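So, here's a batch of structures to check.
Paired with chain B in one complex and with chain C in the other, chain A is shared by the two complexes that follow.
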Partner chain A sequence: MNATSRLLPVAATTAVFLIGFLVCSLTFPNFASLRVVMNLFTDNAFLGIVAVGMTFVIISGGIDLSVGSVIGFSTVFLAIAIERWGVPPLAAFLAVLVISALFGAAMGAAIEYFELPPFIVTLAGMFLARGASFLMSTESIPITADLYSHLAEQALRLPGGARLTVPAMIMILVVLGGMVLLHLTRFGANVYALGGSRVSTALMGVNVTRTTVLIYTLSSALAGLSGIVFSLYTSSGYSLSAVGVELDAIAAVVIGGTLLSGGYGFVFGTFVGVLIQGLIQTYISFDGSLSSWWAKIATGLLLFAFIGFQQVTLGLARRSRRHATGGAHA
Partner chain B sequence: MTPSDTPTDDRRDPAPLLELAGFSKSFAGFRALDGVSLTLRQGEVHALLGENGAGKSTLIKCMTGVVHRDAGTLRLDGALIAPRSAAEATQAGIATVYQEVNLAPNLSVAQNLFLGRQPTRFGLVREGEMRRRAAAVLAGFDLHIDVAAPLESYSVAVQHIVAIARAVDQSARVLILDEPTASLDAHEVEILFAVMRKLKARGIGIVFVTHFLDQVYAICDRITVLRNGRLAGSATTAELPRLDLVKMMLGRELAHATAERAPAAASGEAAGEREAAFAAFEGYGKAGYVAPFDLALRPGHVVGLAGLLGSGRTETTRLVFGAATADTGTATVDGAKVALASPAEALHLGFGYCPEERKTEGIVAELTVRENIVLALQAKRGALKPLSRREQDEIAARFIRLLDIRPPDPERPIGLLSGGNQQKALLARWLATEPRLLILDEPTRGIDVGAHAEIIALIRRLCADGMALLVVSSELEEIVTYADEVIVLRDRHHVARLTGEDVTVPGILAAIAADVPAGEQAA
Partner chain C sequence: MSLRLPRVGTSQVVALLVILAINWVVSPQFFDIRLQDGRLFGSLIDVLNRGAPVAILSLGMVLVIAMRGIDLSVGAVMAICGAIAASLADSYPLPVVLAAALGAGLACGLWNGFLVAVLGIQPIVATLILMVAGRGIAQLITEGRIVTFTSPELAFLGGGSVLGLPTPIVITLALLALTLLIVRGTALGLLIEATGGNARAAALAGVGTRLITLAVYAWCGLCAAIAGVVAAADILGADANNAGLWLELDAILAVVIGGTSLFGGRFSLVLAVVGALIIQAMNTGILLSGFPPETNLVVKAVVVLAVLLAQSPRLAGLGSNLFGRRA
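Now for the complex of A and B:
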């Protein structure tokens, strides 16, 4: 793929989002406002954070099915730690990040040392984390700590009654940080290289084991962070929260133009993919009469459309490359 | 030049760059390398040659630490080194570029050149600086391309040069090129040679593995030949004429073996020539695969295909069996024109095929001897007419007795049998279909000496029974004992056809080594 065909999927995703936004604005008079956009950010912050981690995993040629469960576990752990054990919220946040990072590192190590497929290892991780959260509590536990109500009030006030909330700010920081890490560091180049050819990457002297462990550590730690944001958003901890979010995250990544087979993709595309999913939800809530299951159906159709689109652009790029071979050297 | 005076020859030259001494390696009792030595000098292009299984790959893997050798020392600039992985070897100064370009195709050319050592500031890659340096490195090879573009947008030749540039830029002193030219066209090979000459001028030593003798004489200063895991000889290119080189690779001593030609094969020629061809091919070929050839296969007649590795022997058999489809020429069977588009059609015309790669293309290791033997017959009959268990048992028992397959247990998984017995079971599979033409690709490869003789005796017997045979073999002494006609291949062309009294080891060797572009010689 040349530079243009690489950017094409992201451009298409962005266009779909803009067209979708335009359609919504024409349908609903109050839609086109900063307030709706900010709410879009807040409501999908937890998904955006976890999808950034998923982007790294998928570009490296892997998959992480455990993130939804890690979010669920994080919310339950926070509720119990803060409410029952009396741990200060900030300390509990730190503990969640450390636990989830270690969990991801363990999965990455299992993938590397036992040469297991990421699908199986993270599937096991999914059951483990979900099971552990059920073990701690099967009920929804409200979090009443002062910091939670305090953080919920904190927001950057923008014109038109719009509020940039703390979850939204965290997501934006994660997206920006993810872009820098993926596109501007050696680690990011290694992630792409792994997705391009694992064997070659190892032969080029890249520490493949270390890179893989780091990728899953990052994904899990971001899932932990997403769990913190989710508990802020709902002010509670519940072992059944964020069921299936791993699939929403994968959908966002793929809609964002990342190739599921690895090697190609952008964090920005994932961000837009998250916004598109949020946009569909918002449309349904504005409409009021549609069942929320339509969101799933629309996401499914979009996924099909984007995967088809990717195959076509890939095919075109390969054909044009065949015509161009040999003429490149001076 | 004989192997024994090579060491003295080596000592005469000054300051070797890389010295391998007494390299040995066994895999599960099989000696892949046996006391091999090689000396590479500064600014030297050193060809490493040998047929399949000669030990080239093993030697390279042992040098670069990918495989751990059992014995042997490795010195770079006189100092002992012992790399334990490709990465360590690269750090020590020995870089390898494989036939398959081992770079990340999705990354930019610049990232590929500097992956793992990109210039950074505050942890961030300095993209502009990296591109500038990448362009400078490639300019040293007269390659002026957009280094920001992904590697996969360039031709394989450019990718090879990027791989070489990466290796050399990491302060490589020794560069191993493992068949880099196999997928390049003539123009691209020239570009690669220009790069190699530049590296020579910089004092880098290059080990060059190739199958193309023309390329050896075009660029190499010295040649080392391996055969069956041993050093067959080493000499400067100037001292080693083509014919001697081919002899060294194939391991022939001209003096013996010629007399062993079976009288049956020598006299049977005239009779065979008179008989009508069972299958005939005219101008049959496939672009980029095998140049068009004529071939007539007669009952009771053995045609041998001889040539070096990669000369197009296996490709010829695959065309004949329909495993590859010809794009020119005609095929006739019993005088009627046929389209050999698939092995299934060939099977129905009465063809049988024993491939060279017994393990990957021939046997199904987990199935029993009986199941392996009836496989082709069942395929020929079709899934709707299953062979009864009793029929299967009969067929298996008959061929186990006939071919003396050991142990004579039809229910043993075939993977547990020795190579020779696997080969016999494979033959049995095709004989069970009662073919009129049997194609054998390297029927005696990898089997012990005793089994060799049995397989050859079997080939003669089949021939006497009126079967047409097409046999590929690297064992020239063997081929002259049973072939009525030998076709010699070089660079994917059928370059010579020897019959009757002309079927001799020296005759075949001369045809293989002839210094004439393959396309200009009549088959």
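Now for the complex of A and C:
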């Protein structure tokens, strides 16, 4: 694929977002403002963070179903650590990141050493993390630490009453960091290679085991970070929070143009995918008369449209390659 | 017709018996069964009855997984079909209600099959679309409310009994017998295994892989519809948000516990149903033992891990190596 066709899916996603935003702006008079955009960032910060990790996993040809449960676990752990055990919030944040990173490393190691499908290993991880958070508490625990109220007030004030909140800032940093890590480092190149072909990657001398473990570690650690952001956003910890977020994250990655078979995709596309999902939610809340389940149907339709688009472009690419080699191998 | 005995299966049956024995230790009246108003009651019957929806789902899922596929949408399809059945139950006769609900399930299955077999989309992704959108569609049908009904005919499918056995158990058994007859009574099962083992080789050998894939996903949709109707009939209503929620995972788990490989190519229908019963027996056992139901997920996770490790190619290789050296 040449440079133009490589960027085509991301361009299509961005176009869908811009058209969607335009439609919303024309429908609702107060929509086109910096404030709405900033709220879009804040409300979807936790999803954006976790979707960046999911992008790495999916580009490497895997899948991580455990992230929603890890978010839930993190919020409960933070609430209990801060409120019941009196741990300072920053130390609790660090503990959550370490625990979730180790959890991801364990899943990556299980996938790698026992040659198990990522789907089912992370499914077990999903049960384990959700079950652990149920065991800690089944009630919603409010977090009253000073740092939380402080961070909630903290925001970069922008013109038009818009506020760039701390969760939004963290998400933007994670997206930028993810772009650098995926596109400019050796690790990122290995992730792409792994998704293209495992065997060739191993033959090239890449440490496949290390890369796989690191990918799942990264995904889980970002889920932990997302849990921190989620607890900041809601000022509480609840074992049922972020149920089904893994599906939203996968949907965002797919809508962002990443191939689910691996080897191709961009962090920026995922970011736009998250914004598109947020835009659908915002449209529904602006409209007021539509029920929230339209969001699910719209997301499903978008998923179908983008996957269909991928199949067509892939088919075309394959056909042109066949032409190039004279059809000898076909 | 020759019904082959499952090649492996002792471990699953032993596991089920062990769990039932543990349940008996925890609650001594576990095996007590009494006949009241012409229907059997007791914890054991309860395990069978409550396990029925997942067992029915697993009958469809097992064939999909045997083809190296997966169907994430069965929970959402359950919600759709339950919603249809509950909304129509009080204004139409039962055959119409069932035809509408099962027809919708079949259509959902055909849609998944079309995406996988014709468009060539990966099964996880293809069925993800309906998993996300399906619950929205179910809510569209119920208009966001919990729809209840009073039709005794439909209620019979969930709460009635035939010869003393609760109807869901009878339906599960009948469906198991039917599936066995269709799949193992003909060459179909072999063709499914061939497709799962190596789709390309199967196609070159003249197996109509595309048609079989389509048919298997359609069957899975149909099973999900039956499970959805039974679940709705059981609670006399349909809740689009919670009906069949996460049951796709239980169904996959039941199939995996039943020894069907996620890598395709071999499957056992009976053991998938045993797997569903193992899951339900664990759930019931945890409830009976007085442990908080929250432990359920952790126990489930441990079981998945144990089954996975037992299935792992690497561990199997180690085992045979050790065995070979010893021999």
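FYI, the second predicted complex is superposed on the first by the 324 of 330 C-alpha atoms of A that agree within 3 Å, B and C clash if a C-alpha of one lies under 4 Å from a C-alpha of the other, contacts with A are read in each partner's own complex, and residues count from 1 in each chain.
Convention: contacts are C-beta pairs under 8 Å (C-beta built on N, C-alpha and C of every residue); 3 or more make two chains touch, one makes a residue touch a chain.
Small disclaimer: the values here were computed from a predicted structure and weren't measured.
Three-chain overlay on chain A, with chain B and chain C fitting side by side and no clash. Legend: residue contacts after superposition of the two complexes on their common chain; A:Arg163 is shown touching neither chain B nor chain C. Seen from the Cα centre of chain A, chain B and chain C lie 70° apart once the structures are superposed, a value rounded to the nearest 10. Looking at the superposition, the partner that touches the larger set of chain A residues, chain B or chain C, turns out to be C.
Once chain A of one complex is fitted onto chain A of the other, the partner contacts of A:Thr185 are limited to chain B, with no touch recorded for chain C.
Using the contact criterion defined above for the overlaid structures, shared-chain residue A:Gly263 touches chain B, although it does not reach chain C. In the superposition on chain A, contact is made by A:Val121 with chain C only, not with chain B. By the document's definition of touching, of the two partners only chain C reaches A:Leu301; chain B does not. Least inter-chain distance for chain B and chain C in the combined superposition, rounded to the nearest angstrom, is 7, based on C-alpha atoms. No residue of chain A lies at the contact with chain B in one complex and also at the contact with chain C in the other. Residues 1-3, 6, 180, 184-186, 189-190, 192-193, 195-197, 199-206, 263-264, 321, 324-330 of chain A are the ones touching chain B in the complex.
Those residues of chain B that touch chain A in the shared complex are 86-87, 90-91, 101-107, 111-112, 115-116, 118, 120, 123-125, 127, 142-145, 148-150, 152-158, 161, 166, 185, 187-188, 191.
Taken in their complex, chain C has these residues touching chain A: 70, 119-122, 124-126, 128-137, 139-140, 144, 240, 249, 252-253, 256, 262-263, 292, 294-302, 304-305, 308-309, 311-315. On the chain A side of its complex with chain C, the touching residues are 63, 110, 113-117, 119-121, 123-128, 130-132, 134-135, 138, 247, 250-251, 254, 260-261, 291, 293-297, 299-301, 303-304, 307-308, 311.
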